[in-house]
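In the two complexes below, chain A is the common chain; its partner is chain B in one and chain C in the other.
After this line comes the complex of A and B, so read on.
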């Protein structure tokens, strides 16, 4: 039963991360494998703000801003110049993998290899439908719910959100309709980057202790959750994240916990083989 | 037309136009003019550059040489989001709607440049013109039939009250009866109202029937142009497009 509780929290963190990741991929057409390294860099910025006597929940804003700005800069100065050269899309994916390694090990070079943790208490514990959850964990679930509702509202009801969906569905036609797609894409990097920074910080808080390489395998969970729900499908991402989050933690209770990421990998490969457009995606995209 | 959907037209001209991909011209030496109140069609075999020509007029494909003008405004290589603002509505042949968005959302995106309070009124006007869409406002565009989808695609560009309509094979893949209705009722209707209509049409006979002037493209150049009646008598045109004995089926007026 406690593994279900852990699963729920992991799922909440993963849901925040995946919604940002899939939004980024859908609108910008960049499969940004550096997402995990931006998460952990953002977490470290939050951590340093926290070490200067700021409450962790306020320090989190530092992580959100770091994620947004780093993602925007990455697009502006790395991905866009590569995309302009009309290279095969795989080129940008490989570049992003390089950025991920530089981001992670660059961070390690700066902060060293040791584990750190936020200065905050876990809060009181609550019994909740048979689960034992700390107030930290409840806040993470609350943040996750707020993000999901917020992203839903953005995409469904705002002019910006509709323009993002239109750009994702058919960029050329979006431009024909008068949408400045470059502006929409830059804005998407900011929003999805903010979600990345937020996810990184709550990931680190939830982990308790973390180091520069803690999020290195996280991209596997992100890809599995995204492909489970269907690439570019924000609601699919929510479903995929919850399934993967719970499945990896619950399976860790029964098999060797070292293998829990393998479960995500198995799901990823199975989805790519049998239903690459996901459970919610339609076969014919674009 | 009961509602003012499109604006009175402006003249769309291309002079000495060459356009293509990666610096290589697919079409060249193109001189065409589309005038208000007229349907101007472009016909030609597959691969003759019809779509590339249209795309170069609306900023989708790069113009390598020559000039494109709407009225007195030069729009050569103007980004397509600006071309929409100037009043040119372009409906591509495929990928003409946003499949995951609902019909209503597609129309809202069509009216993206309008003020928030104008959008609803324009949607009502478009629905009055295409009443069939009314019953499917919350349906995803990807789930529509071919004819419904094309109506939505046209409805999307009408949201901005364009003065020039540029339509790339609007009847492709439509059932013949739907295609005829689209051409003779709606598309002819825009021109009769005073808009400028430039259209690529695969089926030469249908094109001649609704056009005021037709350009024939071959190998990326204009090889022939003229009024429908004259083209219908032209031996080269008959042989290439209408098959033998077409002179007896001369299109109406």
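After this line comes the complex of A and C, so read on.
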């Protein structure tokens, strides 16, 4: 049963990360493989704020801002200029891999190779419907749930959210209908970047100890969750993340934990082979 | 002195291994456009295969301190051959990922993730290949006869590696410069269009993934028997990015560029860091190495996307001394400058091998209740039409009427949701688009669809069906096998080009032409695909009206000669002049059909389209 508890937390963190990742794909059609490196950079910013005597929960804001600003800059000054050149989509993906190396190992060059951890209290433990959770873990789940509800509200009930959905469905049609798509894309990268920074920081908190390369393989889980729910679909991302997050942790209880990510891999490959538009999605007209 | 010698020998081996691997990847990525982000696992498969084929049984050797499968203790060269086979076999499961309906970047992440997870599996499952510790004490070839540590042995090893690398260079060059290589590059530039011209994408990608995998596997074997150990740490997924960096910097699509990139990036980086004084923390130098590789990729893709040695432009016209024509202005004004060549004089029937005119106006292509639904939106609904042989059938309708979708379903570019399509009496509903193209149904596209990095002449020649050099094994047989036929094909394409007045652009990249010129290239290319039924999607858009009418005349002549043409067009004067009958579509349904003058009498047609 405790594995289900771990699963819930991983799923919650993965859900925030995947929603941000899939929103970026939705509005700009970029598979941003540098996402993991921005997550871990954000986590380190939070960590340094935390080291200066600020509580981890306040330091979290530093991570969120880092993620938002770094993602916005990345889109504005790297991806957008490359996309304007009308290159094959794969070029931008290769660029994102290059950025990922720069982000991850640039960080490692600065902070070195050692593991670090946040200064914070794990809090007391709670037994909750048969699950054993620390208050830290409960807070993480709470934050994630609140953020997901917030994203839902944004997409469903605000003009900005509707404009985002319109832009992701058909950018030129959205522009012709009077939506300022460039502004919407920028805003989407700020918001999704904030989600990325948040996910990175809570990922690091939940992991306990972390280093510059800790999030390097997180992209596997992100991709699996995104493709399970359908690329570019925020709700699909939530579903995919929760499924993948719980499935990997629960399977870890039954098989060798070293292989727990294999299930994500199998899901991803199966989706790519049979339903690359997601389990609920269908072919797009364009 | 002798330490210098060892150093040189080591560099020779490393450079050969990296150059070989880069050429294999360049064939996949630079030539065929397969972004194999998991390429390193193919090299690794070869390395492991060579190791376990040359090592003695695991239980009996060295007190069984390491675990691995096989252990056949084979003499050289069998472990190296086995390595190449292992690399080729590993390609097979990935054929399902690089299948033709998947976006290139999705396939690429599929391969990337496969590489990551394969590494995790090998690392953690010890009995297979000794897990994280890896395999060590891999025997060098002939080590019982010679001393592998001697300088002469190491130089001999380097020499063999170089000879094999040169062999691989000639092999990849032979494939790349053949008609088959032309089809691969066409697939790289636009896979959907290549498919519509009869290229079997899955087959092409499979052969190249296998050949690339075999080359990678051999490079792994050469490496492992030289360094005598191999472990998961040596083939993390990021190693593939290093090889990509090498190709991008050297020049994708150019095998000499791949060799140059191999020397600059993997070898160069390794050697430079050897001479750096230790600075800062121990991770600093390797970390900065990765940062530089990332930075180089981004900078090169921005400032010099074609690399140091760009892909060579192939001059097929034989006019080697003529300077390349200045790429014409992108605006369509320049179409007015197109000299309308001897279009009238051109004998298409002979040129396109149409055979004797048969013109019995029988139904050649028909549909029954053809329907296409995207998500919940029905774009084409219940369309039942019959196309008669030897007729130039027009298709009109307002935007969104489903004209292009219908055309795409006829050609097989889009699968239909329901309904049937019949061609010459046979149900072809489930036939793939490349097979339909070879059977004689060829289409053009509404959006620009030229192969950008192929010259105009290459664009035309690559469409000609049944070229003997346009198969994998045909390309391996060399120019002596396909050369004469290819010269013939080039001559045919040149005549067509002359007829359309575009001779001066024969050796220019098609991507540099104006919009109208590109339309013409597309029409010529479709004609050279030797269609029985030609499906044209707005072929005259952007073409100078004078020329449009001359092309129309030629299309009419082709129909008289037995070709069947379906043309979607907005220009009513073209419809009036050339098309009979005309089918009117509106909101996904057939609204009416008949001659233009009949249609003008029908109120609902006039309302739906002709006026508005």
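Throughout what follows, the second predicted complex is superposed on the first by the 284 of 286 C-alpha atoms of A that agree within 3 Å, B and C clash if a C-alpha of one lies under 4 Å from a C-alpha of the other, contacts with A are read in each partner's own complex, and residues count from 1 in each chain.
As a convention for this text, a residue touches a chain if its C-beta (ideal position, glycine included) is under 8 Å from a C-beta of that chain, and two chains touch if they have at least 3 such contacts.
Please read all numbers here as calculations on a predicted model, not as lab measurements.
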Q) Clash or fit: what happens to chain B and chain C when chain A is overlaid? A) clash
Q: Using the touch definition from the top, say if A:104 reaches chain B (first), chain C (second), both or neither.
A: second
Q: Report for A:162: first if it touches chain B alone, second if chain C alone, otherwise both or neither.
A: first
(Q) A:95 in the overlay: touching chain B, chain C, both, or neither? Say first, second, both or neither. (A) second
(Q) Which partner chains sit in contact with A:250 here, chain B, chain C, both or neither? Use first/second/both/neither. (A) neither
(Q) Looking at A:174 after the superposition, I want to know if it touches chain B, chain C, both of them or none. Which is it: first, second, both, neither? (A) first
(Q) Can you tell me whether chain B or chain C touches more residues on chain A? (A) C
Q) If you stack the two complexes on chain A, which partner ends up touching A:112: first (chain B), second (chain C), both, or neither? A) second
Q: Could you say whether A:272 touches chain B, chain C, both of them, or neither, answering first, second, both or neither?
A: second
**Q.** chain C clash site on chain B (candidates 38-46, 110-118 or 128-136)
**A.** 38-46
Q. Where on chain A do the contacts with chain B and the contacts with chain C coincide?
A. 282, 284
Q | Of chain A, residues touching chain B in the complex | A | 159, 162-163, 165-166, 168-170, 172-181, 282, 284, 286
Q | For the chain A and chain C complex, residues of the former touching the latter | A | 31, 33, 78, 81-82, 87-91, 93-95, 97-102, 104-106, 108-109, 112-113, 212, 217, 219-220, 223-224, 227, 231, 256, 258-259, 261-262, 265, 268-269, 272-273, 276, 282-285
Q: Mind listing the chain C positions that touch chain A in their complex?
A: 33, 35, 37, 96-97, 99, 101-110, 112-114, 116-117, 120-121, 123-124, 238, 241, 244-245, 248, 280-284, 286-291, 293-298, 301-302, 305, 374-375, 377, 379
**Q.** Residues of chain B that touch chain A when the two form their complex
**A.** 58-60, 79-81, 83-85, 90, 92, 95-101, 105, 108-110, 112-113, 116, 142, 156-157, 160
